[in-house]
Amino acid sequence: MWQKIKTHISESQVWKSVIRHGYPDTRRNRTLVVLSNFFLHLHPTKVPSHSLKLSYTWCMGGLTFFLFLVETLTGVLLMFYYRPVGEYAYNDILALREHVPLGIMREIHRWGAHAMVITVWLHMLRVFLTGSYKPPREFNWGIGVVLLTLTLLLSFTGYLLPWDQLAIWAITVGSNMARATPFVGHEGPGAKLLNPGMLGLEDVPLIHATDDARFVLLGGPFVGEATLLRFYVLHCVFIPLAAATLMAVHFWRVRKDGGISTPTDDFSQKAL
Amino acid sequence: MESVRHLIDWLASPIRFLPLVCVIFFLALRGYRTITRPRVALAILLGAIIFYVLSLLDHNFRHIVAKPDNVPITIMLFLSGFCTYLALRQAAINDERMERGLAPLEKEGSETIFVWPDLVYIEFLAAVLVGILLTIWSIELKAPLEQPASPFRAPNPSKAPWYFLGLQEMLVYFDPWLAGVVFPTLIITGLMSIPYMDMNPRGTGYYSFKQRRMAITLYLFGFLFLWVTLITLGTFFRGPNWNFFGPYEYWDVHKVQPLVNINLSEIIYIKILGTGLPSNWFLREIWGLLFIAFYVFGLPPLLAKTALKNFAAKMGFIRYNVFMLHFLMMMLLPIKMICRWLFNLKYFVAVTEFFFNI
Amino acid sequence: MWQKIKTHISESQVWKSVIRHGYPDTRRNRTLVVLSNFFLHLHPTKVPSHSLKLSYTWCMGGLTFFLFLVETLTGVLLMFYYRPVGEYAYNDILALREHVPLGIMREIHRWGAHAMVITVWLHMLRVFLTGSYKPPREFNWGIGVVLLTLTLLLSFTGYLLPWDQLAIWAITVGSNMARATPFVGHEGPGAKLLNPGMLGLEDVPLIHATDDARFVLLGGPFVGEATLLRFYVLHCVFIPLAAATLMAVHFWRVRKDGGISTPTDDFSQKAL
Amino acid sequence: MESVRHLIDWLASPIRFLPLVCVIFFLALRGYRTITRPRVALAILLGAIIFYVLSLLDHNFRHIVAKPDNVPITIMLFLSGFCTYLALRQAAINDERMERGLAPLEKEGSETIFVWPDLVYIEFLAAVLVGILLTIWSIELKAPLEQPASPFRAPNPSKAPWYFLGLQEMLVYFDPWLAGVVFPTLIITGLMSIPYMDMNPRGTGYYSFKQRRMAITLYLFGFLFLWVTLITLGTFFRGPNWNFFGPYEYWDVHKVQPLVNINLSEIIYIKILGTGLPSNWFLREIWGLLFIAFYVFGLPPLLAKTALKNFAAKMGFIRYNVFMLHFLMMMLLPIKMICRWLFNLKYFVAVTEFFFNI
């Protein structure tokens, strides 16, 4: 009876139009399940067995991606309770902690972010130490470096959002350096050179505290309300979009380069 | 007990702590086969744990280490150490195998297996496990929330987010345009250029130290010493006014450290020549500028003709110069540190008129 | 000389690690350019020539995707100048129009949204009229229907954000109907049945104006500030994320089902 | 001129406009080969443009049509018509070819060509073109921005966004739980079930009407008549208090339309039986309930045994009933419209006690 219902369902047009292979207990179906599923096809259908060993991969790349998903999920939930405006931001975080049933989301989001920074460093360490950046994977390492930078920027922009003393001053310290950007920071070397006065024209500096690199970053001459909105959008949409696009390319290249790196035959001592 | 604490506090001062870590780092790499033997590694781990637990008894230590945002740093320290151990352990085994003419361990198990269900299962398990750990962590430890933001009351110390504390620590030695803008840019470009600089064809897909000694040493030096160690220093040992405090020391806002640093121009014109500083900035800074110009532009071609002749020839013109640029810039930090500790050097070049201080 | 530089660059390790094929003027390179580029590989390498005819496809599917990208780009830019809070929302839109150099972004975003609704309808019409939903494409048609719904919801949630009379009352009219959802709307049929009084217990209705389907949608008993924030997050992050995921699956399935539909041989009059 | 306007205003009333469109729709489908001849199509297009341009001279017409948010609706009307023409034109050609034993046009050019550069080039061109059109549109037409939101001053009429005006128009005939919740859900599930209902294996990959007469007629009826036409009605002909206004009529807030609609129970008990309404709601509504129950649950099995015998047998039990559910629900709207126009019927079933009105 149960078997009959099961067969009836798995033979129906609806089921077959969604899932196009049998139960994955044969070689053929195990291959098809990966090939015919959009999310699983990020993998090849078969991998070398040593790439399953925890001692080889440390799982760090996969965990970084998992944490990115966790951050996305908790982040979207948090957005529903947060307004990126000076008067409300801090109180919204307080309210989140005190009243909202899903208050723990903020903790998961923050510790997940810290964990992601760590896993991305260790993933990079693993890739370096197994020489997995060597040809043909050179460019994908570069994409990885950009992704690392984006991860740090994601964490940095998110740091401001609770709008407490810890947030505002960490960002102030972190962004003060942009003031000293060569040429385009008003306290940077060369900024005074960008002055028509140098060419014998009127002596008016082109770079001020109100139009230098730091001003563009913060949306104002110091960390204020404009910075909060700017960092909010960078944190919630702009950087995640860029990171997600690059991640897709990253995974695609890993796949195209034959999956995880495997030993070539050129490891003998004599070739040294 | 008190004297041990004082000893550790004394040792933790940058001038002793950083050279100490550096020496341990190179000794450990040299003896990587010995140090990664399970018994030795276990002993080190136990030692670290005992040190950590005993230190937690100290009020000041606990106060800093238990700050919510500092917890991940402790986790990172343990994980970085553990992962480095794992990698070097396997490198040691593989190196020994290859000396005996065997293939590395990774080659042994290189039959292919199905992604479904084997890999998917592991991924699922790892995700669930980390998900649970993260949830426990989140239940146990509240995310920090201080007083509402006020642009008029700066806390002391004001620290950047923890992963940027290495850069903030660099501010002790360099001006912001270098520590906050130029060096971070060079870190990124340097990392991106690694695959194009490293022409060693061996070592893909397995752990090995012997076959990639230079590459691995440089990378670990950058990551473990210049990045992780400086973050540790910045987090745990830097207190009010960015003064140094030992791990068991009370963070006293009123601690005063005398500023005795002087510029290279002052050393030359006042201390050595005894003539007083020239008023023209170019004349004043000529020695520092010459030194920096030589360091950046003179050293690479000089080395290419002498000590690094073979290396430069193998690399080719562009590769060699890109490599040297990043390498010399990386070494500028330890060089400046040593000069600071030995000569109280503040700046090599100090053209404050144009914010151009090195 | 020029040729020499070109060769030198295209033979360098950096170039080759990024682009792995020659100039696409041969059969082999034209195939490789599609296969080795993450964004182009959404296409197969070759397509039937009739699928290029405007009269067959009307380009509507591609244009819908293009408009989605335009909406994403302009939407992110607009977010930098907009605060989803009652006091500021309307003034931010005014300021956007009057002061910000990129003021036209709002127009492009709004008309692009309307255009996307139209193109998605016409894409569906084309797919229906060419029978492109028939086996094996049944499930992908279903995904398309969900994407159509998400497009309408995207437009609907975005409609509120200018926070003017047009916005608030259109959403009020549009969401009033949720009040009448069967069982879970407080004016819906069956709502009164969800009452312990029906079982002889205390006579307390379970569904009120303050906890029914409409309340959940609006975050309050009427279209107010909570609705603004809720719709903002739905519009800017939640629905686009869902739509982007489904779009990826949609394109993937099109590709797996052999690209655009082609005539089978079974079209003779006699088979009728 | 004035009398023509009055005639059009008179024709545009739902009671005349909707049947008229419906008749035109079926006539057009019947004569799809004639009507899609380029000359005929061009004549229709020219007629529409002339009507539109002349109408723009009228102040009231211009006022409604030129509202920024109504501009896309005009564009949609033209595009829907044009695309339907394109499809039917090719269907007519293909049907004629297939009658002569030839393959459809799409089969002719079925050699494969490279995506790069051919398809990529077309996509690029289409994107640039639409990008330019969108930019011009955006420069020429400001996005609407009315007074700041005020929850206390409702504009009259209050309209939903234009793509939902079909649903709002349904509110004239049905209560919100049907028009706003049940019908939209059924539209979505109905659309999703199409591929599983349509068992006709022919017609994939080419335009044809003759081979898929029923499927295409049903779909176009739903899209062009029940969706697009109702949106048009809701946008252009519905003014203050959701009263009807002809295209050249002034939107007078004080226009009063008498409400003369009565329920089925009132028709039966008061008009026919003359007994007055029973106080028990079940007794009162028994006729309407019976009618609806028969319509939803009785009609499908009855038809399966009689008129649709072959169809039901071919479809199988589940397919047939899913199809009938969606089909009958779709036809409920025209049925209710006709009952409203003929008998001033308000509700078949009016259990206001439970908000259960049909």
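Note that the chains are named A, B, C and D in the order they appear, and that numbering of residues resets to 1 at the start of each chain.
As a working rule, a residue touches a chain if its C-beta (ideal position, glycine included) is under 8 Å from a C-beta of that chain, and two chains touch if they have at least 3 such contacts.
Just so we're clear, the structure is a prediction, and the values are computed from it rather than from any experiment.
The greatest centre-to-centre distance from chain D, using averaged C-alpha positions, is reached by B. Averaged C-alpha coordinates put the centre of chain A at 23 Å from the centre of chain C. Work out the mean CA point of chain A and of chain D, and you get 45 Å between them. A separation of 68 Å divides the Cα centre of chain B from that of chain D.
Under the contact definition stated at the top, the residues of chain B that touch 2 or more other chains are 195-196. Among all residues of chain C, those that touch two or more other chains are 13-14, 17, 135, 138-139. Of all possible chain pairings, those that touch are A-B, A-C, A-D, B-C, C-D. By the touch criterion given at the top, residues 13-14, 17 of chain C touch chain B in their complex.
Against chain C, the residues of chain B that register as touching in their complex are 195-196. For chain C in complex with chain A, the touching residues are 13-14, 17-18, 20, 36, 38, 41, 72, 76, 79-80, 83-85, 88, 135-136, 138-139, 229-230, 233, 236-238, 241, 248-249, 252-253, 256.
Only residues 69, 72, 75-76, 79-80, 83-84, 86-87, 90-91, 98-99, 101, 103-120, 122-123, 126-127, 130-131, 134-135, 137-139, 141-151, 153-155, 158-164, 167-168, 175-177, 179-182, 188, 191-192, 194-196, 198, 201-208, 210-212, 216, 219, 223, 351, 354-356 of chain B touch chain A when the two sit together in their complex. Considering their complex, residues 24, 27, 30-31, 33-34, 40, 43-53, 55-56, 58-59, 62-63, 66-67, 70, 86, 90, 93-94, 97, 104, 106-108, 110-112, 114-115, 117-118, 121-122, 125-126, 128-135, 137-139, 141-142, 145-146, 148-149, 152, 155-156, 159, 162-170, 172-174, 176-182, 185, 187-193, 222-224, 261-264, 266-269, 271-272 of chain C touch chain D.
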